[in-house]
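Think of it as A, B, C and D in the order they're written, each chain with its own count starting at 1.
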Amino acid sequence: MIVAEQKKITEIIEMLGDDFETLFIVGCGTCVTVSMAGGGREVKALAELLRLYYSEQKKDIKIETATVKRQCDFEFLDEIEEEVERTDLVLSLGCGVGVQHLAERYPDRVILPGLNTSFYGATTGVGEWSERCIGCGNCVLDKYMGVCPVARCSKGLLNGPCGGSQDGKCEVNPEIDCGWELIYNRAVRLGKLKELARYEPPKDWQTYRDGGPRKLVNTEYFDG
Amino acid sequence: MAEIYSRLQKKLEAGHFVVCSEMGPPIGADPDFIRNKARMLKGYVDAVNLTDNQTAIVRMSSIAAAKIASDEGLEMIIQATCRDRNRIGLQSDILGASALGLRNILCLSGDHQSFGMDKGAKNVFDLDSVQLVRTVHDMVHKGVLLNGKEMKSPPKMFIGAAANPFADPFEMQMLKLMKKVEAGAQFFQTQAIYNLDKFEYWMEEVRKLGIHERVYILAGILPTRSVKALKIMKNHVAGMDIPDAVIERFEKSDDPEAEGVEMAVETIERVKKIEGVRGVHLMPVMWEKITPVIVEKASLYPRPEVD
Amino acid sequence: MYDVVFIGDLIESPTLKSLKVDPELLLRCRGEIGDFHLTYKDGDGKVREVKTGTIVVNITAEREKPLPGVLSFEDDLPEGKEVDCLIFIQDYQTISPAIMSNRGLKMAISAAKKFPEIQVYYFYRSMRFIKDNDRLFEEARRLGILFLKYEKGNLVISAAGEVSYNREDISLRLEGKILMAPEIKPAEGLERVARILNLEMGPAGFLQVENVYLQSTLSGRRGVYILGGSRGPTAYSNLVEEAEYTLNEIGFLLQDIKPLVNDRREVDDQKCILCYTCYRICPHGAIERDEELDAMKVLNLACQGCNACISHCPASAISIVEDNNELIETGLRVLMCENSARTAWERMAGKDRFSDLKIETIPCAGSIKKEDIYHYLRNSADRLLILGCFEESCKHLSGDRKAYRIVNEVNERLKVLNLGENRVIFKRLAPRMEEDLAGLLSRWKEGNCNL
Amino acid sequence: MSKIAVIGGGIAGSAAAVELARAGNQVTIIEKENKLGGNLKDYGCKAVDVCTKCNLCLVDDLFSETTESAGIEILYQTRVNDFKRNPGSYSLGIEREGRFQRIDGLDYIVLATGFTRWSDLETGTPEVSQDKRIIWASELEGLMKKRKDHLETEDPLALGYKPESVVFIQCNGSRSIQEKARYCSRVCCGYSYRMARVLKYFFPEIKITIFFMDLQEGGYLQDISFTNLEEAGINYLNCKPVRVEGKDDGLRIIYEDQRKGAVEELLTQLLVLSEGIHPNQDNEHWSMLFNLQLDDHGFLSSIEDELKTGIFLAGTIKGPKDIAATISDGRNVAYKIINQQKLQPAVR
């Protein structure tokens, strides 16, 4: 899922500026709810905190809230048409996709991001998520025992660990597991260490965003 | 295939025990900074490494500095890291360096930008060290660029890579070492050696794989003069293996500088006896002026001459 | 339908219909007390499902010899007379539980009787007593066994099996057969069983969280009991009484199981996105996935009403069926946990001094919602005091930690927006601290926030 | 549905009575004092910065349930002095407000009369009892029960002074051949550690020393170890003092320091004597009345199978237990009776 984190409250307030009277906060009910950044509760809590802040500043700001199932589909964005019409400013607690989709759906409204969208990740603890994939568009997990060096090694090395890994941790940050240590352990466990002796040529990055923002059409069912 | 392009390679082919050293370029544009250092080392070493933005800190370009030093008559080894330039930039640098008469290159993955002072920089790592070795090899020996385009006048380089006998997982490091050999590495410079038993064990494994017959191995020596530096390296520099006995030795001695020199000389004596070690690579940190003293003390002076 | 399924070793019971399931073969657990559904593999690998009223986890702990090559208190005595002295050592790494000193004493006594001519030494740091340890300790001394108390450092055991013991007034070099009290460690599969039964792990990898309310074999989940080795070293000391008590309680409880709380919590399946946050934070394993609906559901017999799920659900999908907590009043408000502060309030004299405070009872400090807190503080004069339980004496296991985290978050936000510091305070109290409560409330009323 | 008498309104008796009443039995508690609680009445909560899990607060709901339960009738200030086996049921002779009565038609009897404190049996040598600087652990518990908020008063325990040092001596009356109590009471290491923590919290500079022989497990949860003591800043000495001399500048404790192998002296302002769990003074009376066995320490155990006789023992009448174990034991007796009722009606 897409993992995101809420921006600091001071940044949000600064970003909102002060020439608005009505604010509409819209949350997203899928990935960012799971990562506890932009779901229904966070929208309500942020609204309450902002009401408290603006009332202390003696500013009369009207705040409305809603949470749609997904901000990345127009049909869900259609459901909040009246609120967006009524408001001066929209603060989206969806991921980066949601914010931009709202901007496309409501071109004459300022849409502001409430979250810092970070990575594709998995739950690795109660209230903890870790990066697993960067979406390079050409998966090599088959060659690396199900552990991706592109995403899990700080330098994305494809032919083995750098000289700096220290008892299984990355030289960059002792909190991070060295990707290659994980690959090596898996290879030993699966008895496929020989496969790591194979030379891996430089990767073709055209399938990644380096080849330009991508579009994907499922021509099996649609003519695009 | 064994055309010899560099005087360092010629000395190694002639069987000499070579001595390399290292020079850190300035954070600035003063050429004399390089010239003074070069004059100090002239005659005491067979080749000098020119680091490439070491620890991701912005410094004068490795090729420019190498050219200045080589004009002083020194045999230079440029370093190329994969952090700052993608495959296009790296290949064009190699062509330029060769054109400037530089004949040795050390291919490194490079330190992560978080080690330096530009932690916000975007890193590249389009290639890794093994892929860079293979690229330089194909350019030099097959005359083709990475994309397969043939060149009329291919570059001439003696190709080197780094090796860390103390990094883990050990088995995986050996696999990567072998990949570098098969990719076309011609010499290795190892990480600084303080744990001699571990280094000897590593050399044993290297000999088992027959690497020492295909590649010249130069033992890395890092002379130091302060316990504080040793402790910092032990705890903060990744991949360094400094046994406590070494630290205690420094703490006990009342003249750390002399102790540093003596230890370096002892290490040189000991690695010289290891089968497969064909030279040493002195990499003092902010103590470059000690290299001549150590070379003399280890009775490695004067250096042999080749035409 | 069984009365009890034992995961690990089965304990005979005349009145209860019971079944044994091997921990490794346990696959899944659903349902609640009176209606658990366990999926497991039987002897020949066939996957089966069984319904049971209760579950007892009874997995013997691993024994680990403190040093290699020595005998353990649980091995048999060495045969014959190969050695000229026997050396018993307990408390080597950690102080051995009473059950181990009991075994050690019995073994030393039988050794002294079996080999009267050789000297038996018994080294200990602290002799712990259960059942008849006192009598055994006396009898052992009468049989001439030499008891020597040591401290960490003055007893050294060399690899070759020599023991050297030196104190100011005695120093001994001994050579002989060494028998040591084994260290008790959590069994291999314990963590996996905890995950399948959705139980929070206790300290040092044993199964049960240390908590006053989890006396003496209860787990956080109603109907799931934890016995002997699964609970930790000291649990062995009165294993027999606890086993008997647990089975008797099960027999009594299964006669008729009533919900513990009268209001019910419900999940709105339109809002729930199955993110499992509620499943993970519920201290009582009272929430699981609804097979038909694509949503979670609350198990009403298992639920103990702490409302943590309501305050933590990111989609605000869970609510109390007839809940009408309108959030209008403000001013100085005190939220009292019903299990500690509220009891202290009842015991406290002179309540009228605090008639201007709005006192509200909450089922658990972990049930506070941050959006409600911001709402309470609408006027600048408003302040909030939340009174919960001490660590390891929260009836809902981690309610106090949940409250602590939420209040910290809120205070940080208020501070950084300079909306006032310490406008929300979380303080821990025990039910019998009515004097401290009186002092605390009066200091808080005057705005003094070091309570 | 049976008629059951529970002799003793402490935690074991109440725990049994509550479960039995909940199962529909008609229970009568016979308590010799004027309120429930037994020894526990004057114990104090020992939570200050953390809860040290002495389980005392678990008892509050237990007693409120007992008094509020419909199925339980409580006879205060009542003593049992006679027991008769009638055909098919039992009858107890009781004495209340000077009058004698009988309770007949009883199907089961639960004996839960608890234990006696060492300080009740043994006031110690004259100097001990007169010197106000020497107190029994039960007195300190009483002070803990009436403690004030330490932020509101300099003297939360109403000691009358700010103690700079306190010494605990363990195993008074227990584990000593002379005083006939040759067993360990299991609980004193637990409560003295907890009380020492409270004193350390109220008086941070106080110097605390505990003389003890062997550190017990300290109850179900709190596995007290030397590290706990060190962390709490308590100095523990592994021996029993030889002599205590009351001087005007304080109490002089003379002991043999095993580490140095020499006789040492320690000056303290306050000396707390821990006291153990001793057999109830009425145990001999009960053993004759109900044909029970007295063990060599003076605790009781049943001779015949309790399920046959219908006479059960619960709690510390059988031996030293901490609060949690006593509650469990009380409930266990109730469950045994209820399960047996399920099998066949009470026939004597």
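In this section, a residue touches a chain if its C-beta (ideal position, glycine included) is under 8 Å from a C-beta of that chain, and two chains touch if they have at least 3 such contacts.
What you see is a predicted model, and the numbers here were worked out from it, not measured in a lab.
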Legend entry - By count of C-beta pairs in contact, the leading pair of chains: C-D
Legend entry - Where chain C and chain D are represented by their mean Cα positions, the distance between them in whole Å: 25
Legend entry - Length of the line joining the C-alpha centres of chain A and chain D, rounded to whole Å: 60
Inset, instruction - Return the distance between the CA-based centres of chain B and chain C, expressed in whole Å. - result: 57
Inset, instruction - Averaging only over C-alpha atoms, locate the centres of chain A and chain B and give their separation in whole Å. - result: 41
Inset, instruction - For chain A, jot down the residues that touch at least 2 other chains. - result: none
Inset, instruction - Assign the assembly's chain-to-chain touch graph to one of these shapes: line, ring, star, complete, other. - result: line
Legend entry - Contacting chain pairs - touch in the sense defined above: A-B, A-C, C-D
Inset, instruction - Sort out for me which residues of chain A touch chain C in the complex. - result: 8-10, 13, 29-30, 33-34, 36, 39-42, 44-45, 47-49, 51-53, 55-56, 67, 123, 126-127
Inset, instruction - Sort out for me which residues of chain B touch chain A in the complex. - result: 82-83, 87, 109-112, 114-115, 123, 125-131, 134-135, 146, 162-164, 167-169, 171-173, 175-176, 178-179, 182-183, 191, 238-239
Inset, instruction - Report the residues of chain C in contact with chain A in the complex, numbered from low to high. - result: 271, 273, 275-277, 280-281, 313-317, 369-371, 374-375, 377-378, 380, 413, 416-417, 419
Legend entry - Interface residues, chain C side, partner chain D - complex: 15, 94-95, 97-98, 125-130, 133-135, 138, 149, 151, 167-169, 210-213, 215-216, 233-234, 237-238, 241-242, 244-245, 248-249, 251-252, 255, 340, 343, 389-393, 430-433, 435-436, 438-440, 443, 451
Legend entry - Residues of chain A touching chain B in the complex: 154-168, 171-173, 180-181, 184-185, 188, 193, 196-197, 199-202, 205
